[in-house]
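What follows is chain A paired twice: with chain B in the first complex and chain C in the second.
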Partner chain A sequence: MANYSVGIFSHSSVSVPVKDKKLLEVKLGELPSWILMRDFSPSGIFGAFQRGYYRYYNKYINVKKGSISGITMVLACYVLFSYSFSYKHLKHERLRKYH
Partner chain B sequence: MNENLFASFIAPTILGLPAAVLIILLPPLLIPTSKYLINNRLIATQQWLIQLTSKQMMTMHNAKGRTWSLMLMSLIIFIATTNLLGLLPHSFTPTTQLSMNLAMAIPLWAGAVTSGFRSKTKNALAHLLPQGTPTPLIPMLVIIETISLLIQPMALAVRLTANITAGHLLMHLIGSATLAMSTTNLPSALIIFTVLILLTMLEIAVALIQAYVFTLLVSLYLHENT
Partner chain C sequence: METAQNSVPARSGSELRNAGQSWGQLGDATQVEGRVQNFHLARLVSGHLAPALTDFPIGVTGTLRLRPGLSLTMLSRVVLSAAATAAPSLKNAAFLGPGVLQATRTFHTGQPHLAPVPPLPEYGGKVRYGLIPEEFFQFLYPKTGVTGPYVLGTGLILYALSKEIYVISAETFTALSVLGVMVYGIKKYGPFVADFADKLNEQKLAQLEEAKQASIQHIQNAIDMEKSQQALVQKRHYLFDVQRNNIAMALEVTYRERLYRVYKEVKNRLDYHISVQNMMRRKEQEHMINWVEKHVVQSISTQQEKETIAKCIADLKLLAKKAQAQPVM
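And then the complex of A and B:
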């Protein structure tokens, strides 16, 4: 059921296998089978990251009048990600009576 | 207090796997490449900066030294972006780890010195003795010059590590001092906060300067040896 189509990414030679439906068109009961149909091989995961990267890039940065918010959003996500990483050490530094 | 102070310098791990590798891979995502002549604003800004820096840095080399221009430009961009990203709150700076700076400094220095010894052996050995030294001093001076040559990679690595680590540590301390004083003595907390702002501006400068110094010294070692 997998058919290949050319997606609009950074260059037109990147092709992506299009599974049955997109996520927003999947009914809730079909969700587990849809998840199991996705490609979880290393190249599949890499393809997912590549698609996500180019989706963000083409929407916010690769435009005629890109603003600073394109990269500021990335940095804000990076800050939140680092915070979640160091939460384990930071929770001892809260101003509480009992830790 | 002691454990908390250095907790931000621990290399982050996910279940024992080094997540520091992922964090080192972040700067390349922020510097896109393009195959077009006219690009979006981000790429245009970065290309302008890179052209400015490369012209500044590579004019003093001859043709053989300019083959290193890609290496030196990527070096300064990597160190500058990594240092600047480390100024964001809660982030991890890979250049605070001595292991990484040694891994950058030793191969570059060794490459420059080895190519110098291979191509211009007499010149490279002649660097070990400054001009016009009195004859009795020659043996001692050769030993001293050899030691100063061999210590160059260590100095490169330790300089970068110590500067960035010291800056981050100072910001931690002054920030926690501000927080502690804010409950008891508010005016002095405001003064300390001003110090923190000045220190942050200094840190931004230091981040860039350290990248520049590292790359400049490597290119200097290259210049002597090509």
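And then the complex of A and C:
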């Protein structure tokens, strides 16, 4: 990664720059700047997908005694995803008009 | 500063000077400038590395005041400048260019952070009901306690149903039946499949372990053989003793053979001399006898011969008479 901070040459202050923070550690006020700083190039997006994939893979699948939940979570997300895509057509099969 | 940071190869001394000056903004313009002409021959080196070849480390480490985003190349530059101070001849040998660079760069200085490779974790992340990770429950626990996520789930489901975000249709019953079958199947045959997969894993591990053990055994055998051969070295002296004895015996035998041959030869020579002497004596004897006989025979005249013959006849007659007389008795 670019701008890898070498220990003996780091700044005297202790804080980490905004760019390197994880999403859960970013304060709400910094959120827009954090989003803008992310790498939105094709390789950056691909890298983000890759990282996400490997995070999930190494946590739930690449273990000695993996359980079915590694797969069912993916299937559940797929179900929800495809439901949201077909909601437009399903809207017409509602049982009541007013909710 | 950006031009110095990017690896644009310097093509002229003026560009180097510019690069040097851009670095000089950080503190040491005059010194860097003064040394640029030393590197007229170092054009091969890319612009941002040329100042590092000066043997003036403060010019580079003075950039401690830089922003924290320092690149790793800076570290190598410090190393290079430190090496240049240690060997001042490097400054004059700058025309070697990249060769010098490769000689002074240090590789593999960091700790290897994946050796040995960490083992696979035993279990994956915990998931409740096969759908929701445990972290979500832990996330809500401080604020809502144990029932929080369940209440949230129930509320969401009811909201989706009542507002018909989820529409109940024929598909719902299909989905419910499929879900039921899946849950039943997983509950009933899950452990069986898990055991089967574990057995496969174990087989793989056993194979690898066997290979490892075989390799270890093989190497152990090699070590033992090596040790035994080393022990044999201590017994070499037997071999040498036997050889020495054999050689001594062979020497003795040859010595005796030759001695015997010498004796035979000498005896032969002496026998020859003896036989020569004997022969000479015999020949002399015979010669003498022949000579004496010849002379004696010559000396006997004819008259003497007649007399002797007459005497012999007379003697014989006498003897005959004597002999005649005696046998009658």
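What we mean here is this: the second predicted complex is superposed on the first by the 78 of 99 C-alpha atoms of A that agree within 3 Å, B and C clash if a C-alpha of one lies under 4 Å from a C-alpha of the other, contacts with A are read in each partner's own complex, and residues count from 1 in each chain.
Heads up, the rule we're going with is that contacts are C-beta pairs under 8 Å (C-beta built on N, C-alpha and C of every residue); 3 or more make two chains touch, one makes a residue touch a chain.
Nothing here was measured: the structure is a model prediction, and the numbers come from that model.
Looking at the shared chain after the overlay, A:Ser82 reaches chain B, while chain C stays out of its contact range. Of the two partner chains placed by the overlay, chain B and chain C both lie in contact with A:Glu93.
In the overlay built on the shared chain, the residue A:Val63 is in contact with chain B and with chain C. Once the two complexes are laid over each other on the shared chain, residue contacts for A:Met73 go to chain C alone; chain B is not touched. Put simply, more of the residues of chain A are touched by C, taking chain B and chain C as the two choices.
In the superposition on chain A, A:Tyr53 contacts chain B only, with no contact to chain C. Counting contacts as defined above, chain A residues 61-66, 70, 83, 90, 93 meet chain B in one complex and chain C in the other.
Across the complex, chain B meets chain A through its residues 4, 7-8, 12, 19, 26, 29-30, 32, 40-42, 85, 88-92. Across the complex, chain A is touched by residues 64, 66-72, 74-75, 120-125, 127, 130-131, 133, 162-169, 186, 190, 194, 198, 201 of chain C. Within the complex formed with chain B, the residues of chain A that make contact are 53, 57, 61-66, 70-71, 74-75, 78-79, 82-83, 85-86, 89-90, 92-93.
Residues of chain A that touch chain C in their complex: 2-6, 9-11, 17, 59-70, 72-73, 76, 83, 87, 90-91, 93-96, 99.
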